[in-house]
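Both complexes shown next keep chain A, but they swap its partner, so chain B is in the first and chain C is in the second.
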Partner chain A sequence: MSDVSVTKARPKLPVDGPTLANILAILALLVIGGLQYPQFFSPTYLAQQLQTGAFLGIVSAGAMLVILLGHIDLSVPWTMTAGATVATAVVGSDPQPWISETGLLAGLLVGATIGLVNGIGVAILRIPSMIWTLATNNVILGVLVYFSGYYARASQPSTLMTWFGTGRTAGLPNILIAWAVVSLVVLFVLRRTTYGRNIYMVGTSEVTAYLTRLPARGVIVASFVFAGLCSAFAGMLLAGYAGQSYQRMGDPYLLPGIAAVVLGGTSLFGGRGNYSGTVAGAILITLLASVLSIMQAPEALKQIAYGVVIIVMVGFYSLRDTRS
Partner chain B sequence: MGDPILELSGVGKRYGGIVALDSVDFKARSGSIHAILGENGAGKSTLMKLLAGTIRPSEGQMKVDGAPVDFRSPTEAARAGVVCIFQELSVIPDLSVAANVCLADPPRTRFGLIDRTRQIQIARRIFADMGVGQDIDVDARCSELPLSKRQLVEIAKALVRNPRILILDEATSALTASDVQPVMRLLRRLRDQGVLILLISHRMHEIDELADTCSVFRNGRHVETYRSGARTDQQVVQMMIGRPIEQIYPQKSDPATFGPTRLLVDRLSWTDRLKNISFELRAGEIVGLGGLDGQGQQEILEAVSGLLIGVEGTVTLHGGDGTTGTGSFALVSEDRKTGGLFLPLSVGRNLTATGQGAFSRFGIVDRKREQAYARGLVDKLQIKVGDLDSAVETLSGGNQQKVVLAKWLAVDPDILLLIDPTRGIDVGTKQEIYRLLRDLAAAGKAILIYSTDYDELIGLCDRALIVYDGQIAASLEGAALTEENILSSALRLGVTSPAMQEARA
Partner chain C sequence: MNVFLARHGRPLISITILVLLFTYFISIHPRGLTLGVVTAWSNQGTALALLAVGQTIVVMSRGIDLSIGPILALSNCVASHLVDGTPAEIALGVVAVVLVGTACGTLNGLVVVFGRLQAIIATLATGAIFSGLALIVRPIPGGSIDAAFADVMTWTVADTIPAAFLVIAGSALIWYPIRKTRTGRTIVAAGSLENAAYASGLPVRRAKVLAYALSGFFASLGGLYIGFQTLSGDPSIGLSYTLNSIAAVVIGGTALTGGVGYVIGSIAGALILRTIGSLIFFNGIDPLAQPFFEGMVLLSAVAFGSLRLLRITHRLEMFK
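Up next, the complex of A and B:
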């Protein structure tokens, strides 16, 4: 064999392969878009893209912890909707700011509770997460429709929610700052805490984790709770951004949220993946949707482009893994 | 002896900066049993993987029957007649024995579906050929079989493909004595039919009995090939490790130095597998569980560890300070691939899995202390690893086992429960592990070890409990701890103690 040089130790890159692949794909999209529409490179446009991407980014942050465990959370859409609906309902119940602003807390509490139920079903009752979270999603849907369904309920966000959703601090959209804060928390948790280390170990092998006496169940429950919090938070931000909560508001975030994590190089079987990839994956998906909209691509073409990007990227990771 | 069916020239394999094989020249003839000897990390397994097509060489050329080959997959290798039985078990637990045997190329009906009847016939014939036809139910699920029988399935899986070159990588390490004999007869018969058998084994007496040619590897190099019997064991071991070994087993302790009871098992029963088991384990003592494979030894350790549901009787652990119920224990499980290690994760993460409290505060990890902690364990157990960030699955079997031990020793358990900790490990590492266990016992630990190796029970343990059909058939110690006594209690033939022999004389 002649390619001996290939086997030499490669220098370590500051970013991992999947993150790099996402960044390259993002740059390619910017070039393609920019060649046709010069305004593509304007900071206003880019900031606006990141702002729309933030909802997806926060959802995928929560989804990633669950996927790292080899599980999945399909209750994202109605957890988002429930968080936003409950928050705006509290807001509508009393105009006094000290009451209406507790709406945010109520929304987070709803998210955490749904996450807790998800976690208990998966970790303790040991029901496959794909079934259990699909079921909880349907239950929340039913409950929300039952209580608020056929006539208009209070759906106005509070001042604080609006500030989060549309306000700016030092020129940066607040929602972007919120995404950055969530991201820093996830990065810190995964890299620097025993809980983060345990996520990777439980995700690699729950049996070994159990025999090693790691708190496997606690790790699973905590991760579902975190995912629920992220979904509810994203739902409330979306309500603040859109100026109201509405049914099915979370629907467009389920599959893209999972896709962002997988595009970012996290294995659906658990145990492997870096958070930087998830962030890059969320940006890539958002930008792709935006480029296709600007080009006024028909819906069918959008779906094809969307599918092709996933196939190419994930196929590339898979090839790379089987080679090494 | 036939023609050289296999020829390697200048074959090398590198992983990153690590040289696993260094320009190896090697020849083997058809109709022979050719043993490959060497320590862990000597390059034996890498060589076998190259031949089996699971990895490709970085350089050099392989020839089969004089024709150059470049296997890109195990299927291509099998097509050329090269089939490998790996040390790691690869049977699919939820499929039947017959389905596993025919997995690679199942017989089909004319509709293209799997022909179950013929599948069962094929499996029956193979096991009958192997001489173990009575012992294996080809309809049983593989998950229901003990490790030893699963290994037989593994061998059958290879034979069904009619290999011309058959590679056994530690494929006999989990076999019990009663299964080894038929397998040996089978290998001899295959040799007489002109098959080349490449044998990697750490059981020296097996090699003495079977091999006609031996090749020694060290540090990725081919050291020497000689006719079996042309070198003494001492010379062979010296070639393998480059230094003489004095004594495999460390000096046993004086029973008078044993401390207080650490583990008290009283009338332990579980389903129909364990019946009324009682014994105690004292500080400083190494007690072995022996007997035929699958008599309940593993269940005893699992019951003591609290892994089984519905256990009757009591298990009491005593702490180092003598208080009841506070003793800590560690279970080093049988299969380090599934129970002991997070294979794709780094060596560092594996080493630090149990002792996170030592380098974290409020759940936040101090990375410098974590690094030092892992380094400390690497040094303490002399684990051969370059980079703590490399995946633990890239280490050799012996070093993997050391990682498992290290991770448990780090939390300083009072009682150590081990299941075949030296299975498939080379002599040098075995010796290090024996030394380590003896040192731990001397430091006041109580050690309970299930071993399928009688040598180990005799050489290492202070006392051996021979288990038969879920009961303790005999407790052997001192001069009564002999191979003869172990075997006769394992087979329920009655024990002859030196005292009884004297009385008879």
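Up next, the complex of A and C:
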């Protein structure tokens, strides 16, 4: 009995339908781009794409745990900005290495705190996540704008942040390694831990999870904390990559972060989805933007292509679901 | 009395808050209660109020419209091309803008109903498309809108009542007759229990498409109204309007879970948000503090909703 449910929830192949669809779309984009610009296939170019996609990848890793619960985290933009701003402010207060590097910890602490507030509002105060996280996002925005004006006071990243953002180890960009580490953690958590199993249970039916004495509230709070950590981490890496923290740095990551998860086949109702799809979705979105840039498409066309790809692919998944 | 409060209690709270805030605003305004002050105040909130009406209708059907801001931006950009010239040209231009907005809304409805996409992701995607179209229509802010016509819409009618009041009242007056129709009632029924509504033979699909179409319609009116205020088009105004329209709906007492909604409450919610901005300005508080206060108001408004937890008698009611 239990064997059956385990096989169902945990497919043997790491590549499921939506992931495969994403990979096919990625290959199609590579062919389209490569036909016009041969340098498209060069390892340097591909590594560069993965490097710019890593910020989105880390954000969507956090977004996925929340979406698997049937919730959503709209506080991503200002959690990223808050993590980066606080981290660079600590760096600015004293450039001594052993003090400035605590900025990273401070940034992560900010992310975890925001996640905790989000989780408490959703799990214990029972407020719809879409509204609660929208409100916390506005409050963080308010606090940051009030204390630092429309520009960050000290915006220089620390040595370690710069190393993460721009450095390379054994030929690979460090930020790509960071994304890989986050991904391995998420994969391990979702597939090999009780907490990961509980995420799927709570996402499928919170009432049932509660009645079977699963720690439903704890699972929700923990997932929001994880999402907050991911956002803050991505924000600090972005500050290291860009050489500074700045207001609104997180804005371009909110909707694409959700889109990557959904393109990867995770249902917004919760309870269903594979992490491999999220990774593929993040790569697809990054590559789509890059192909259109290289073809010198105007911003308007990028937005339209982005919308059409989401509708076509997600529409395809839902049609497939209805048939089966 | 209890029945009345149970039915209208939540929007009444937001209307009371609005009256209190407005009274305070007038008391600290250097010019006090004059027609000019009231007109300027109502002009500021009109576009958001129109948007909030549209968002409420979609929320009642248990959906959400994240493309409402992009539709507003697109309509605003189209208006900056067409609403100018002779009276006949202006009239045609207004009709064209409204048609564009309604068509965008209808497209949302079709994608949600027939594409079977979840409303969040469907309107997120169409919102990107509408933002792109807005950028094509007007790559950088500019254009022109007939100033004489805009003056009529942003000033007063017969020196007694701000035109914006009539616009806001008109939006509610458009909705209430629609709600009385079979399709209009189905919007609410579908939000309450979609399967039951469908099984009862109600036109659920048509009702949902209508809800999104109306949302697009009100968004286009909002875009027009912003045009009357700025006399130009701007493609980048969408995102903040989307988020604020949701905030206005929640402050107005409508739950995102569908099946019930208060258009009047949402209008009050929109005006509350805008009044806070003016209050901060006239109180001499640092304008940089404005986003913080707006965030705190939204946070308190939604936290207020969790007071129901104190009333539940059975723990499973928590999950409703």
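Quick note on the criterion: the second predicted complex is superposed on the first by the 307 of 324 C-alpha atoms of A that agree within 3 Å, B and C clash if a C-alpha of one lies under 4 Å from a C-alpha of the other, contacts with A are read in each partner's own complex, and residues count from 1 in each chain.
Note that a contact is a pair of C-beta atoms (placed from the backbone, for glycine too) under 8 Å apart; a residue touches a chain by one contact, two chains touch by 3 or more.
None of these values were measured; they are calculated from a predicted model.
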| item | value |
| --- | --- |
| Contacts of A:A21 with chain B and chain C, given as first, second, both or neither | neither |
| Which of chain B and chain C A:L50 touches, first, second, both or neither | neither |
| Partner chain(s) touched by A:V207 [first = chain B, second = chain C, both, neither] | both |
| Partner chain in contact with A:G271 - chain B first, chain C second, else both or neither | first |
| More chain A residues in contact - chain B or chain C | C |
| Chain B versus chain C as contact partner of A:T194, first or second or both or neither | first |
| Doubly contacted residues of chain A, that is, touched by chain B and again by chain C | 207, 211 |
| Parts of chain B lying in touch with chain A, wherever the complex brings them together | 14-17, 56-60, 331, 333, 338-345, 349, 352-354, 356, 360, 363-365, 367, 407 |
| Residues of chain A that touch chain B when the two form their complex | 1, 4, 7-9, 192-195, 197, 200-201, 204-205, 207-209, 211-214, 271-272 |
| Chain A-facing residues of chain C, complex | 64, 111, 115-118, 120-122, 124-129, 131-136, 139, 239, 243, 246-247, 250, 255-257, 286, 288-296, 298-299, 302-303, 305-306, 309, 316, 318-319 |
| Interfacial residue positions of chain A with respect to chain C in the complex | 72, 121, 125-128, 130-132, 134-143, 145-146, 149-150, 206-207, 210-211, 251, 255, 258-259, 262, 267-269, 298-304, 306-308, 310-311, 314-315, 318-319, 322 |
